[in-house]
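Next come two complexes, and both contain subunit A; in the first it sits with subunit B, in the second with subunit C.
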Partner chain A sequence: MSSAPIVEERGLRAWWSRSRRKVVPYVFISPFYILFIVFSVGPLIYALYLSLHRWPGTGPMRHVGLGNYTYLAGDPVFLKSLWNTVYYAIGAFLFILPLALVLALLINSTLVRLKSLFRIGYFLPILTSTVAATLMFLMIFNNQFGLINQGLALLGVPALKWLDEELVKISVLAVAAWRYTGINVLYFLTGLQSIPPDLYEAAQVDGAGTWAQFRYVTIPQLRPIALFVGVVTMIGSFQLFAEPLLLADGGPNDASLTIANYLYRMGFTNAKLGYGSAIGWVLALIIFCLSFIQLYLFGAFRKED
Partner chain B sequence: MKRSFTLFTTALLLLSLLMGGGTASAQDDVTLTIWTFGAFFTDLYVGIEDDYKEIAPHVTIVVEEIPYGQLYDNLQGAFVAGVGAPDIADVEQGVISRFLKGEPGLVPLNDLITPYEDDYIMAKTALYAHQGVIYGIDHCLCPVVLYYQHEIFADAGIEMPIATWDEFVEASAALTDQGIAALVLDDRSWGDYYMLLLQSGSPGLFDADGNVIVDSPGNIAVLEWYLDLLESGVAIATGDFHATMGLFAEGKIAAVIGADWYAGSLKNELAEGAGNWRAAPLPAFEEGGSRTSTHGGTAYTITTQSEHPEEAWAFIEFALFNEDNKILEYHVNNLLPPVLSHLDNEALLAPDPYFDNQSVGELFLELAPEVPFQERGPWFNEATTLVANAVFEATQGEKTAGQALKDAADELRRQIDFG
Partner chain C sequence: MDGTLTRRAQRTIAYGFLFFILISMATPFFWLISNTFKEQYEIFQLRPTLIPEEPHLRNYIRLFVEFDFAHHFLNSAFIAVAHTVSHLFLASLAGFAFAKYTFPLKNFLFLVLLGSMMVPLYTIFIPLFVLVIRLGLVNSYAGVIIPGVAGAFGIFFMKQSMEAVPNELLDSARIDGASEFRIYLQIALPLVRPALAVLAVLAFMTSWNDFVWPLVVLRSRELQTLPVVMAGMVGMYRMEHGVIMAASLLSTLPILLLFLALQKQFVQGLTVGAVKS
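And now, the complex of A and B:
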């Protein structure tokens, strides 16, 4: 009668000594997966469930099927926030990334001295609190007493309303440029410094000038880092939250509101957890699709020859 | 080694169970947790803590100061999770509506405030009520007056106070001619418009049955009048608080409508203006009409998760209805007590050097019974976002007042139908 548990124990021990080498690595990496499942995958699935309901956070949930999504498609404020977000993303690609590349090329060139000083300069904005920086920009952009309008007045240019409907998105982009150009310079610089010097030497031997070297050596060699920077910038642009919120509270008249701001407004301020979750899922799908397209266009799925 | 570790762990567990049991058995000891959002409330609680300990030695007050915004996200999270809420939360009037949806996680306070209804200014419970159930009791009265730079008006030959808005507009022509705006109004928010709306006799953005009245003829008329003030140059919109303060300092703006706490803002931002300022009742919309409004407020609320709601109310009673405590609070945060019997306290009626030795307290005492009622409820956040946009569209000339408010009302009704 008492031999069964002993046999079982022996079996368990035997299994453990057989499998230990396979199991232990998984145990070591399990904290990440456990945290990922509990704090990322779990909420993601729960948000999907919530997005099919209307629920203010207390009381019974009301199942509405795809009702939140169909309402979203015709919600003028959501569509406005979508357009604003796309505007910021386009602005980031047309303004912040080229600026970062030019700065990285300059810093990488032999023309620039005191490189460590520049390194501090481009890394400082990332270390600065978004709130503090945005509040500083709030004063710079002040319509009446702001630094920019004071400077314009010295040049005889009439004051511009930087935080009004027409210009507020440009002001948000300027804050984003100040904050994120530096980190992108760092990425590009890493890419530039990893290009083997012998490629340039070979190009010079073949008679390639500065432009030809840039066109045929630098750009192709930067492709992997450019893909990374592109994807990160796109995701960052679509998740833009603090800058428009602090600079203009998404306004005036929702002119600077991003999808992330609208999600917060609906989910928290207005306690519409179901609708907020639907916005979150649509945002996630947009980011997924755009990342996929970007990866495809950059040839990330192509097999290496 | 393994066995001794197991024994040690078991002993630790037993010890912790015994200690836990010990705490639970001392039933008289109560810890009340309060969530608040600013030093101006924390300082009050810290200031009265010792006195309360003498009255209720078994109660320990734990104040947790959490940044505004984060406090309410945390509170909402606690209600969703069903655990983690404090006993008492200071809920600001601008955020209460989200907590009135579904099954509110706040304790109804009607029965508790009823004994005080002759002394407490009940209009200050309306901000935190839904369908007749009161969920919050305001710290403050927040009556609105006209703060003005008296020398500017005197130099222009304008005698203050002025009885009606029509007379104010007429008299202000003398200032407009000198390039001075008599008043400053917000062109991108709902606050100033809402104050004037309440003063006009409107219950606000909803009627007593919760119907949307954003586009009612009365509300449209007030916005049209508001636009007239801005277009005529009697009022100016600066777009932000610091710009307003700068223009006050330069003498380009003569007056502002604001609540009791606005006096604190003036003293902080324009300390050098001491003696230049006075306060007057708001000019009425018609002869004999209301001369005040209300703006702002923060309520004591008790959460349904509190295990000690009676002790929580006892503490609120002490903080709110003990006159010494309310005077202390006034000195800490410039918020007037919403309790009639406190308003004639000498400390509140004392001449104020900043206001040219005027007793601003006397003015507040006179206006307190006129503080208007209003209707809010669970859709107030949505309503104010839309009304702020409507005010902006109308002041920018993108829409007429009627069209802007009608569009806002239609969208609000659509959002309420959606749920």
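And now, the complex of A and C:
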């Protein structure tokens, strides 16, 4: 009788020493899943719920069905922000990424020394905050005394209004190019350096010239890194926020406004939480579809042959 | 003969282009530094001066006296350090669990973890803000730090390096009667110190430069971080260009200094996603 508790304790201990390696990992990973459910999954579902309602943040909600979404489809400001965002994404793909690739190829080539000077020099702007960088460019683009117009004046070119409706999107892209070109150079360099040198040797043995080596070795071998860079750039472009906000407050006349800017304006400035949430879900669907298309085009779903 | 000439021409073009881009990128920064020592009228001159005509520190003094720069600097530092320490702890603990244990649903849970990186911030932005208000976390550092503290990327990253910790070490510690948490803390963690350093600089920089989330959570001025306060300087009645440029420069300095000290960790941290893809 008196020995029973001891046996039980020993049993419990034996159970613990047997199963602690099954239980403990759940404890170790639980903070992430608790926070993920509370601060991501919950809000994601709540956003969907909100997007079906009209709600100014206090008082009762009014169910409007898909009303927010149908209104969104005909909202000229939203469509403008969508177009602007697409413009930024296209600009990033047409200018920032090709520039980064060319710089990476040059740094990686046997022609050039001082490799780390260029690598690190291009990389430095990413260390600045978007706020500090954009404020700096706000001054650079200033009509009267900005660095660019000062430079143009030295060349005898009349000043341009960089933050006006016609040019503001180019200016936003310039800020993005300043901050993000270097990090993409690093990504491409990582990819270039992971190409096995014997592939080039084999190509040389087969008599391939510089161009043929580039076309048939470098480009195919860069495919994984290009996919990564493409997806990261696309996701980043579609979530552009601080640059147009600080450079021109989304203006003038909404010419620089992004989807994220419009969502912020609706949700926080105008207290239309339902409408803002609908914008958020449309944004998520766009990003998801474009990621899927990119993965498909790059053959990420195809079996390796 | 012909070949060497072409090669020399190629080299000249390559260097020319590389230096052109480098100088284009560096010029704004030097212009900024120079302007922080100028009076507003000198900034406004049509012909830019690289060396200020009458250099002075008034922009910096005003930044500290009128805009309470030191106070907001400390706010940013506190949030960034708190975020970094708690993120490192949670990420390494979960990374350790994923690397060194087998348990039911492990693969499924890891897929969920990777999938969580797909949720766009702006989609959950509004409900997250409503939630933070309901939890009473609005206008508090906890409200800034907690929602993003257990990032999936950090766990994924730490799992990779935890896998290199030898199992024999862990098993012999178990035989000596160490608890699983002590094994993590005293055996696994010291062995992955290089990876922790990489993750630390990344987490610190991300938090230090963060703008949107602190902008909505921190309502009262005395709690606000540097990017939020600096963004507020733009809309002011009379924009103080010299002061704003001084703020931009000083707010970037800690990260630049950190970079000089830990260059390798920065480069590794920022490209790790590309390597692991």
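Just so we're on the same page, the second predicted complex is superposed on the first by the 276 of 305 C-alpha atoms of A that agree within 3 Å, B and C clash if a C-alpha of one lies under 4 Å from a C-alpha of the other, contacts with A are read in each partner's own complex, and residues count from 1 in each chain.
Rule of thumb we're sticking to: contacts are C-beta pairs under 8 Å (C-beta built on N, C-alpha and C of every residue); 3 or more make two chains touch, one makes a residue touch a chain.
Note that this is a predicted model, so its numbers are computed, not measured.
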Partners on subunit A (subunit B, subunit C) - clash or fit: clash
Which superposed partner A:Glu165 touches (first subunit B, second subunit C, both, neither): first
First, second, both or neither for A:Phe268, with subunit B first and subunit C second: both
Partner chain in contact with A:Phe145 - subunit B first, subunit C second, else both or neither: both
Partner chain in contact with A:Val86 - subunit B first, subunit C second, else both or neither: neither
Contacts of A:Ala203 with subunit B and subunit C, given as first, second, both or neither: neither
Subunit B versus subunit C as contact partner of A:Tyr71, first or second or both or neither: first
Partner chain in contact with A:Val112 - subunit B first, subunit C second, else both or neither: second
First, second, both or neither for A:Pro252, with subunit B first and subunit C second: first
Subunit A residues touched - subunit C or subunit B, whichever exceeds: C
Contact residues common to both interfaces of subunit A (with subunit B and with subunit C): 57, 139, 144-145, 268, 273
Subunit A residues within the subunit B interface of the complex: 54-59, 62, 71, 76, 139, 142-145, 161, 163-165, 251-254, 265, 268-271, 273
Residues of subunit A that touch subunit C when the two form their complex: 20-22, 24-26, 28-29, 31-33, 35-36, 38-40, 42-44, 46-47, 50, 57, 99, 102-103, 106-107, 109, 111-112, 117-118, 120-133, 135-140, 144-145, 147, 150, 153-154, 178, 181-183, 186-187, 190-191, 224-225, 227-229, 232, 235, 238-239, 241-242, 245-246, 259-260, 263-264, 267-268, 273, 276-277, 280-281, 283-284, 287-288, 291
Subunit A contact footprint on subunit C (complex, rising order): 7, 10-11, 14-15, 17-18, 21-22, 25-29, 31-32, 35, 43-48, 90, 93-94, 96-98, 101, 103-104, 106, 109, 112-113, 116, 118-131, 146-150, 152, 155, 180-181, 184, 205, 208-209, 211-212, 216, 226-227, 230-231, 233-234, 241, 244-245, 247-249, 251-252, 255-256, 259, 263, 266-267, 270-271, 273-275, 277
Touch list for subunit B against partner subunit A, complex: 72-73, 76, 79-80, 95, 98-99, 101-105, 188, 238-240, 242-243, 246-247, 378, 381-382, 385, 388-389, 392-393, 396, 411, 418-419
